[in-house]
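The structure is given below, and queries will be raised subsequently.
Should a chain be cited, it is by its letter among A, B, C and D, assigned in written order, with residues numbered from 1 in that chain.
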Amino acid sequence: MGDLHWETKLSYTTESGIQIRGYDLAGLIGTIPFPSVLYLLYTGDLPTPNVAKLMDALMVASIDHGPGAPSTLAARTAASGGAPLGAAAAAGLLTMGKYHGAAVQDAMEAIQQVVELSKADGDLNRAADTVVADWRKAGRRLSGFGHRQHKLQDPRLDRLFELAREANVRGDHLQAARAIEGALKKITGKDLPINIDGAMAAILGEINFPTTLANALFMVSRMTGVLAHVNEEMTQMPPMRRIDPVDYSYSGPPDRELKS
Amino acid sequence: MGDLHWETKLSYTTESGIQIRGYDLAGLIGTIPFPSVLYLLYTGDLPTPNVAKLMDALMVASIDHGPGAPSTLAARTAASGGAPLGAAAAAGLLTMGKYHGAAVQDAMEAIQQVVELSKADGDLNRAADTVVADWRKAGRRLSGFGHRQHKLQDPRLDRLFELAREANVRGDHLQAARAIEGALKKITGKDLPINIDGAMAAILGEINFPTTLANALFMVSRMTGVLAHVNEEMTQMPPMRRIDPVDYSYSGPPDRELKS
Amino acid sequence: MGDLHWETKLSYTTESGIQIRGYDLAGLIGTIPFPSVLYLLYTGDLPTPNVAKLMDALMVASIDHGPGAPSTLAARTAASGGAPLGAAAAAGLLTMGKYHGAAVQDAMEAIQQVVELSKADGDLNRAADTVVADWRKAGRRLSGFGHRQHKLQDPRLDRLFELAREANVRGDHLQAARAIEGALKKITGKDLPINIDGAMAAILGEINFPTTLANALFMVSRMTGVLAHVNEEMTQMPPMRRIDPVDYSYSGPPDRELKS
Amino acid sequence: MGDLHWETKLSYTTESGIQIRGYDLAGLIGTIPFPSVLYLLYTGDLPTPNVAKLMDALMVASIDHGPGAPSTLAARTAASGGAPLGAAAAAGLLTMGKYHGAAVQDAMEAIQQVVELSKADGDLNRAADTVVADWRKAGRRLSGFGHRQHKLQDPRLDRLFELAREANVRGDHLQAARAIEGALKKITGKDLPINIDGAMAAILGEINFPTTLANALFMVSRMTGVLAHVNEEMTQMPPMRRIDPVDYSYSGPPDRELKS
């Protein structure tokens, strides 16, 4: 052990094994679903069945948002210049900045502040008014509300909130998110409905997910979609293509129903 | 529709919905597991139940390999210089090059060549000898075999191959991978056992996964671990730390068993 | 001109020419030195001869800081995993975060605040005391002072300040930087001498360089060194090397003098 | 000195100094121009005055190519998503792939092959025919010739070749590049004039620049322009902007002449 010795609480490997937070990785394979192993790595424990379902739902909800998302366009542009798969995907990952993807943590912090503040008198709406006013005064962007495309309601929202209720979460963070939505309407006069970042933030708050890893969940999930777009660009498109950010159409399988 | 109009077969969005390969994303949430939606995005169809189990297993198998993996060290170093979460993770992703992670596609191509070549006379071993000799002659690195730490056998291998057998895959790619292992021993005199890249390659070959997205599967999964390490570095470690690549120890939860 | 039409003040190209801030690029080649064309791009005008000399000096000062700089280690680690040249260099660039390289802008803002504040009574030391106290109170890191290796004085400092004096700059930003150094000593009790970030910040303040591009100057220059290290790693070192952050030595040309 | 000890031939630092290839960095500052210190780092020696002029010219020639270059668009897209300066610039750097920027090395190798092959009979044109045919047969992209915008002649070319002649280079690589241009016309029937990558490759060949660092020269230079565009995007444009790749115009200083 030298001067530079350091410690990690996450994982270790030996010649014959890999241990994740104390569990043998070989034992997790085929037994614990991927989103639950992510939860194990990020929180230190395996999720309850209800939380496991929510983790899976949140990861599916963020997996892709079509070819016009900034991260997708940047990744396709990099691929078009000749970047290999991982480098092009990295360009996409780097685009997930404070306005796009890396906003879940901020939304989670705002929602938590409302929950905390409401504990004195139980009034979430008053707490939301205060938090929204404070953030605006401090010039801090309140992420998680409003979407440039889904102006009325994010299509993923109802389903996520329904699953959260089925999972019997407490509900205070979900309500706080709605209270912020109301406060924003009151203060700005604009409809800024909860978006996918805000919904993730509210649900992650319900399950005590670490705020500093909230964006990580989004990043892992969205990398999936970004890599699909990069692959399509690399295998189907001419190089050095000028990629129009709006003038595209979908030519894949037609709309279809899940078989139940 | 202008001069730059282009098409995608992956997904599209409207003001009220997001469609992934023809399926409404809201309907997938909470119904189809995340690794199966990844499979949908990458192949165009939902997996069978057996393939769905394998997809989940492969993603869990790659999720983390301890703090000494090059991608983890690069990402921690970036975080230590003050990079934010996504930028540090991107440094990790960029490290997943031809020697580390971005090797699954190469292994898949070698295994497929052996399977194809063996079709004439049914002799996988002879085909493996030929392919190994050809790649060596062409100076092409044969990825997927040998590991600097797991010298005898990769601890994830038995479990993955067991699951593949349970899933009733044909088995020709698994056997071809073993045949390459044998050919490498014969030709180089060294033990170069199938590693995680090779195992992923063999199983992805069994389920006809697109070769150009083989590395993507690894990247999505391993980003999960990289982000956990970045978060630990950002929240627990002093900035501008000199990060020793071997002198570390694990101080997390002690070894424990999964409750059955 | 469609809905998405946008404008840039930087440059444009035609089939027969490239214009940079109004100048024909072909005419700049071989006539205006590279650091001066950088200045043109970043400020909109060509520098005076004195400023041109300072730009060149600042770029040379930042070009490399040996193999132990975090950006260099991250880039070498990426190269060791098999990343190509540009991807490995990007890992280095991403490491230039708030503690390493991306600190010039912060230092520039602190120095400018001191200069502004001193205008009332002409007392730079008092202004520095106030600014240092304010930043500490706000929990904001005051970059540009102190170095983990060059504890007494950064070796690039004397030369840069000498050149600044030769260039006949006003000197208020240089003095403000010294005043902050003094204030830090008074308030923290520690010697935190002006480092290369602080020196760049002071000189860039003297020549009214845009603060939002202060880190860019460092990044362009340091990318030069990072790429040299990546190339050495790719061409001279075995892949998947465990890269020790301190246990290395120099085996290049022995110390030598510039011929005058 | 432990098991992981390693060596570099590039540079080292002490508490009181920084040495670049044996030279004290403080002595280089203000004495040796930045492109010459780059040359020192990349080759091990300071350039002759003629080579120093060419290095500066090559760096100026690559510094920017307007807002429509793929690297610029990717970087602006990343900035628009909220990426900070360095992360957005990294997205641009990653876009400099085999079709855009990272092509100088390939062009240099083709030109060198022609020069070598011609040594037998002194016939550059015959050598070029052979090399072009070989590369096409091998399915290898011959970079450095043809440009999607500058279809007749790259506007930077005449000036660079004029400077090369003034620098009294041998000229065989310049002639070999012209010979490849001719061979491409003969074989493909298309006009594929030498582009900036090809011109850089030819001149770097004349001065025996290391092929593995040819793209690095381009990357350092072009990062300058990319960072200017990122800064404009961050400071002048609304976030989450849909960035049209062709529908833009220039609104900076009008065309003007260099004062002589």
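Assume a contact is a pair of C-beta atoms (placed from the backbone, for glycine too) under 8 Å apart; a residue touches a chain by one contact, two chains touch by 3 or more.
Small disclaimer: the values here were computed from a predicted structure and weren't measured.
K.L.:
Which chains are shared contacts of chain C and chain D?
P.N.:
For chain C paired with chain D, the chains in contact with each are A, B, in label order.
K.L.:
Counting hops between chains that touch, how far apart are chain A and chain D?
P.N.:
Graph distance in the chain contact network comes out at 1.
K.L.:
Which chain is most remote from chain A in terms of Cα centres?
P.N.:
The chain farthest from chain A, judged by C-alpha centres, is D.
K.L.:
When the centre of a chain is set as the mean of its C-alpha atoms, what distance in Å lies between chain A and chain C?
P.N.:
Each chain's C-alpha centroid was found; their separation is 34 Å.
K.L.:
Mind checking the centre-to-centre distance between chain B and chain C? Centres are C-alpha means, answer in whole Å.
P.N.:
Chain centres of chain B and chain C, defined by C-alpha means, are spaced 39 Å apart.
K.L.:
Using mean CA coordinates as chain centres, what's the gap between chain A and chain B in Å?
P.N.:
From the centre of chain A to the centre of chain B is 22 Å.
K.L.:
Which parts of chain B, given as residue numbers and ranges, touch two or more other chains?
P.N.:
In chain B, residues 4, 68, 83-84, 86-87, 90, 94, 96-97, 101-102, 242-246 touch at least two other chains, as defined above.
K.L.:
So in the complex, the part of chain A that touches chain D is made up of which residues?
P.N.:
It comes out as residues 68, 70-71, 73-74, 77-84, 87-88, 90-91, 94-103, 148, 239-240, 242-246.
K.L.:
In the complex of these two chains, what residues of chain B are touching chain A?
P.N.:
Going through chain B, the ones touching chain A are 1-2, 4-13, 15-35, 37-38, 41-42, 44, 53, 56-57, 59-61, 63-68, 84-87, 89-90, 93-94, 96-97, 101-102, 149-153, 155-156, 158-160, 162-163, 210, 212-213, 215-216, 219-221, 223-225, 227-232, 234-235, 237, 241-244, 247-258.
K.L.:
So in the complex, the part of chain D that touches chain B is made up of which residues?
P.N.:
Residue positions touching the partner: 4, 83-84, 86-87, 90, 94, 245-246.
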